[in-house]
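Shared between the two complexes below is chain A, which pairs with chain B and chain C, respectively.
So, the complex of A and B:
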């Protein structure tokens, strides 16, 4: 990995940490869990953006920033590149990852026979675990000067879609 | 010799300023450099607005020589994230390659400092270890 240069960590440790992070904040009664996880992700995203862009040519347009996120940032943080990038040219970008690594181990108990299947239980479960990666991406974007919102959709795991909405300048 | 090193944040807010002059200056010296660094921001902005020499050529983070004052020369470097790094030198002509290298090390030290989980983004850096590493970079030239 060209960006990381020897600064790597064990993938299983990383997985366990992100798992425990969500569980830890879910157990805290006095802090709203999504906000706490979001804040951590946002801060780390900003720091990663500073580190990963240190040795590269200057980024200008928001599109260049998005491309950087898809290629280099994704490769460094999630160990692969984004598989597909779509845009409506009005500030909305959809990043499709066919096998999002952070959710590759996620599964739910199979329903007992006879119980009608609800609205995709895996997606429900994945929602909590997607707050951190979304916040990471948003933090990196904001730090590179692109104000945006990031949402994720994991209705057909392991594929995962991230939608970036850039806030218009005016 | 480098007499002052400064980091300016994304909203042109000062994050760090340190002077490396011989004893005898004190806080008045720091104030003077605050003024010089503040003035250099205009030059930084001007450099950033300049069109690329040849289209397609990646623009460099190192901005080179910004402007001279009576006694000093001011050099600049801007990261992708619009963090500005300013160095003030007393009279001598360094090679661009050397300056580039110093700025790279300066930036690397800064990245390590802001990666501290107890540091809040866009606030002045008070870490003593950052101080120490800057001192090493700037005085071993």
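So, the complex of A and C:
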């Protein structure tokens, strides 16, 4: 079942906005860029989760919430489902998206001749652009009652791994 | 064009405006930054517009305004604007937005009455046109969020640089 309904806009609107968002905060010297982008994404994640779950029964266990994120939430926000979900059964979940939509147009400027390339220039660049989606996911999780940290690893683009670490409840 | 549900875009935009207000603490500065961000978006967006809109060269500024209102807004925001209030020289007009997705979930508190929430659109139009050698100024003169009946963008042609080579057949 798709959660996408109502008004549409072109995908490039979202691409251009998130691109400029990263660029804007990179230009500011006095504002910590990751924190600002994270705050923006976190709010949106909460709002989206609220809207996407308005007409359904409450999600209970964290596993149920994670499954919802992998399927419905991912499809609505990132246009496809997560391809693979793995867990260590101790609160860590790895969500693998074989072709993460938001990074599909990422490309690295070619280095000038003679300059040695770093370990993974694309992953380095992708880090800035992954703050927003990670925050989005974290916001959605928190709204659904799961406190967690979300990190992403894009060293095998176009595939991207998102790691969710649920904070243990004492 | 690939379409997505607009809410993720409009909510992200709203969250960004909120963050700018928190960071900059001055609505005039926020308006300015939104315009600059729009400009940076516009200079990229024009490529996609030219590549995908399949429209020809604009005959005059009236034609340009029409294409922005009917093709541009439709392509990106899936809405359209009306062009109205031309001046006698055809260098100034208004784009009237009756239906603006950016404002879908928005209400402005009274103390932010000076905020031009959709100012990014002005920057986008200015930046996109600059890439095709048309210099314009663009600003909101009416805004539904501030209690007006419609949102109205005033578009003013400042200068137009003509490419001379090799378009001899126009002479």
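Here are some notes:
Basically, the second predicted complex is superposed on the first by the 163 of 170 C-alpha atoms of A that agree within 3 Å, B and C clash if a C-alpha of one lies under 4 Å from a C-alpha of the other, contacts with A are read in each partner's own complex, and residues count from 1 in each chain.
Note that a contact is a pair of C-beta atoms (placed from the backbone, for glycine too) under 8 Å apart; a residue touches a chain by one contact, two chains touch by 3 or more.
Only a predicted model underlies this, so the values are computations on that prediction, with no experimental measurement involved.
Residue contacts after overlaying the shared chain place A:43 against chain B and chain C alike. In the superposition on chain A, A:63 makes contact with neither chain B nor chain C. Once chain A of one complex is fitted onto chain A of the other, the partner contacts of A:144 are limited to chain B, with no touch recorded for chain C.
Contact with chain C, but none with chain B, is seen for A:11 once the two complexes are overlaid on the shared chain. In the superposition on chain A, contact of A:53 is made with chain B only, not with chain C. When the shared chain is aligned, no partner comes close enough to touch A:157: not chain B, not chain C. Of the two partners chain B and chain C, it is C that touches the larger number of chain A residues.
In the superposed pair of complexes, A:31 makes contact with chain C only, with no contact to chain B.
Residues 43, 47, 51 of chain A lie in contact with chain B in one complex and with chain C in the other.
Per the touch definition, chain C reaches chain A in the complex via residues 1-13, 15-16, 18-19, 23, 33, 37, 40-41, 44-45, 48, 75-78, 101, 104.
Considering their complex, residues 10, 58-61, 78-83, 104, 107-108, 111, 114-115, 117, 121 of chain B touch chain A. The residues of chain A lying in touch with chain C in their complex are 3-14, 16-21, 23-24, 28, 31, 36, 39-41, 43-44, 47-48, 51, 76-77, 79, 132.
Residue ranges of chain A in contact with chain B, taken from their complex: 43, 46-47, 49-51, 53-59, 143-145.
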